[in-house]
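Structure first, then comments.
First chain written, first letter: the chains are A, B and C, and each begins at residue 1.
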Amino acid sequence: MTPQERDAVSLGASRPTMSPDLIVQVPSGVTAKEMSYQEAIREALREEMVRDPSVFLLGEDIAKHGGAFGVTRTLFDQFGPERVRNTPISENTIVGAATGAALVGMRPVAEIMFVDFSGLAMDQICTQAAKLRFMTGGQCKVPWVLRMPQGGGAGKSVAAQHSQSLEVWFAHIPGLKVVHPSTPYDAKGLLKAAIRDDNPVIFLEHKFLYSFRGLVPEDDYVLPLGQCEVKREGKDVTVVASGAMVWHAMLAAKMLASEGISVEVIDVRTISPLDELTIGRSAQKTGRVVLVAEACRSYGPTGEWGMVVTEQAFEYLRAPILRVTGRDSPIPFADSIEKGVWPETDDVLAAIRRVVAW
Amino acid sequence: MKISKEIGLEMYRRMVRIREFELAANDLFRRGQVKGTVHPYIGQEASGVGVCMALRQDDLIAGTHRSHGHNIAKGANTARMMAEIMGKETGYCKGRGGSMHIAAFETGSLGALAVVGSGIPLAVGAALAFKMRHEDRVAVPFTGDAGSNTGNWHESVNMAAIWDLPVVFVLENNHYGVSTNIRDTARVEDLSVRAHGYGIPGVRVDGFDVLAVYAAASEAVNRARQGEGPTLLVTESYRFEGHYAGEPEVYRSRAEVEDYRKRDPIPRFSNYLTSEGLASPQEVEAVQSEIQQEIAEAVEFAKRSPEPEPATAMEYIYA
Amino acid sequence: MASEVFIYKMSEHMESAQILAWLVREGERVEEGQPLLEVMTDKVSAELASPASGILKGIRPGTIAGAQVAVGEIVAFIADPGEEVPMLPPLGGLDTPHQMAGPEAAPAEVEPGIVRSTPIARRIARELNVDIARITGTGPNGRVTEQDVQAYAKGRAAALSPVELRPVPTDPKRRADGDVWLELTPVQRVTGERMRDSLLTAPQFALSLDVDMTNALWLREALMDRVAAETGERLSVTGVLVKVVASTLPSHPRANASFVDGRLRLRSEIHIGVALGTESGLAVPVLRNADRKSLSEITRDLVDFQRKGETFAFAADDLADGTFTISNLGMHGIDRFQAILNPPQSAILAVGRVVKRPIGLPDGSIALRPMMNLTLTADHRCMDGLQAAHFLSELGQRLERPYFLI
């Protein structure tokens, strides 16, 4: 081993990793089980389908096959082909049919295999479902959930048409709600809330968080939509993040604690409607803000969060608001150029240090 | 097909109601009292009425941008419709929708939708719900010839077909998508053959003959109610007015329009009623005056009604 | 090959020199041996000669009048026309920290007139009723931080605060022996302490000059109408004085300076305080940026201060941060007097009354001219007799030939 390699190893050994105990959300004393993000989503679907017969699933390959990511595995066996319904490749009409069913009192949970395919259904999502209640002067409501995996993972090479983060497309449309959980605990609680919500909810799952594990309470629980969670309290810097980026933020916060920098991490959870108050309060407290999102930099979610910080906390700022984002590029295939297209923990660390030193 | 006097007069009444409503709307538009635009259904009344008369109150229709006729055919109140197209608070959609999004949910209408073909999947979804809940209700989406080229239409017909959903796909072939003739956008002249590609029956009828439409629609609705799946019903139609009110119709000849006007479904049917002895000329005339009165009152009502309060601008975005 | 211009050792114990002035401008051609800089070392001023013939280039930022430079430091280059010379880093003082990108490429130079500060600093400044433009920032690039604002506000509170200055009615107590004991008003007390401190710390000396005010008075008459039209008030002699002093100070920066922590702070702005007697005591309200004000504006300010003085309704900012003071007792019949320096200012001008006195004219005759005494008190740490004399003499000349005022 070269001295550099030896250093890297020893550094790696002492460097904290993304283990489940990085984010602990279940209060002590509550009976909980450790499960993956994927399982947590399945449990939410299962429990809601038991609770409410008007809940049913439709999407491609979700029945016996259990979905492209295995999320709906075993649900077909439990609920049958009527309620776990395979569709043809017709994204547009998957959503349109879900809307029609919702209009007459069902609570469909539709699935589009990758958020990248949502383009085929944008009319039904944004021009129809989002606006029906408004256009009809409140005569109807559209209580569906549209589940779509999004996001990328370094070295996984699923490339340009299967790796995007498109939450802002939907967040921009009034009438839609957009949710993006980062942990199994959040995934289950927020999906239940989404299913029970009377509005069309875009439920974005991070495909590379499916295997992340965490504690989930055994009893029924629902988390509120439209609320951020302060995943870690701190007083020196506020880091706002969503999805997989929350893990990078938490890891960076843990590492900086040993340097005496106290980082507060806010998990946005519901992209829209955005909980501006929690973000604002934190920014007022610390005066230093770093925003982290996987989506492309330009016109991405950090633009919105940055303006919210400015609106809520301008006179408390001690440094400019910094953002750490994905690169403005389609996702490449080759490792050498895929590297760096999304934020890494080191990028978040660097940004926090900059803002502290400003 | 034999019909009763009651049904006959009701059919006539509804067609006249649509005609008078559209004429009044056109007139108001020309006077600048209706905002935006309107898409007159004039000439197609037999198609909409023939279909809707075959439906129950709890069956659902889904419309297009040209759906004043569909909503009225399904039983919507003309005063509330007039108020809606004038953007008043008393309209069905409280002034939020306007002509292109007019929706009378209480009559069993999923509303008018302005993006061509977008309403069709909604009907499919509703039919899916009916089937899952073992209800014998039927969903009937309307579209034009141009709309049957959209992805919406093809995916919807396919999906309804594979699941045997209780849907009647009504395709009102008025031969034009705005300015483009269907012969330039579809390779088949008889659009009902498209059904065969999806494994469902396709039927083609004269859209100016309200009874023919009624008969075909009744059969298709019945099939659906029995759980036998969807049908494609093509009504050969024509709109006497432009795509929108006041359009300079440069894409078709006056001669063509005049030709079709001779087939006006309303006088055709009133003749039928009187010649078959189902109604006297006085009764027919009485319906006309009754409707004219109704529409005049609807216009008055709409004009008198207030616009929505600005303070309510942000309501109904979320449930 | 460019030659380095550096501060060379001129005496055995010399460690540094203070730059007094550049004698040549960037881009000018110089000859070997030609004086480039005037420097001061160990009380001796000297000229720095050019090491070579060529074009003076690449003058190092920060090598301005007053800057202290260590022996051996390079301050410029002599090079051939068209030859590139290295860019020297700015001379000492502020550490330029590692530039953080975020707001991209923050410039090292602070643009004049723009205050760099954080939003939180601005808010605190506003809440504490402090003019952030007056605060020297200690953050990177001269940025005013919240700590700077807090410190400034605390320091200013230690000085006169409006609350302190509010006149407190005194209650003379009579005692049996007939003596009256008076409590000092806060203004009187603070003024007394400051004057004492001034005399104890600043080595002050005075120079006197009698000025022939014929032309100045004539000009004042001529401009009276214009000022009256613009302000509705009378142009006073003091007003004219303020204007003339303000226009003379730029060429005599030592008279518009303060002695702070062993260094001379030459003020870039000219804020002239005018002593005003009030019932509560002495106040010195400040005409800010007097050099940029017109006679009308000066008149307006003076009248405003007069009015405020009646009830001592000055704001703290009215009384703060003067760079030079004028005290005029002429209207009270005083011929001449010597004022005490108003700390931390380096000079104060005492003005007497205008009286027609006989003076000898160049042709040997005697004439009666309206004469007015100017007595300048100066801080010897900031300027010596000669420098003070230059200032006072130029002031007198400009008063005697005040046509630049038109």
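One rule holds for everything that comes next: contacts are C-beta pairs under 8 Å (C-beta built on N, C-alpha and C of every residue); 3 or more make two chains touch, one makes a residue touch a chain.
A quick note: this is a predicted structure, and the numbers were derived from the prediction, not measured.
**Student:** Starting at subunit B, how many touch steps does it take at minimum to reach subunit C?
**Tutor:** Each step joins two touching chains, and the minimum needed here is 2.
**Student:** Give the label of the chain whose average Cα location is farthest from that of subunit B.
**Tutor:** Here the answer is chain C, farthest from subunit B.
**Student:** Determine the centre-to-centre distance between subunit B and subunit C, using the mean Cα coordinates as centres, and give it in whole Å.
**Tutor:** 87
**Student:** Using mean CA coordinates as chain centres, what's the subunit A-subunit B distance in Å?
**Tutor:** 43
**Student:** Can you work out the whole-Å distance between the CA centroids of subunit A and subunit C?
**Tutor:** The computed centroid separation for subunit A versus subunit C comes out at 61 Å.
**Student:** Tell me, which residues of subunit A touch at least two other chains?
**Tutor:** Within subunit A, no residue touches at least two other chains.
**Student:** Flag every residue of subunit C that touches subunit A in the complex, lowest number first.
**Tutor:** Result: residues 97-98, 100-103, 118-120, 122-123, 140, 146 of subunit C touch subunit A.
**Student:** Can you check the complex and tell me which residues of subunit A touch subunit C?
**Tutor:** Answer in residue numbers: 287, 314-320, 322, 354-355, 357-358.
**Student:** What residues of subunit A sit close enough to touch subunit B in their complex?
**Tutor:** Answer in residue numbers: 56, 82-83, 87-88, 90, 92-93, 95-106, 108, 120, 123-124, 127-128, 132-143, 174-175, 177, 197-199.
**Student:** Would you pull the subunit B residues touching subunit A in the complex into a rising list?
**Tutor:** 60, 62, 91-97, 101, 103, 105-106, 110-111, 113, 115, 118, 120-130, 132, 139, 151-152, 155-156, 158-159, 162, 315-319
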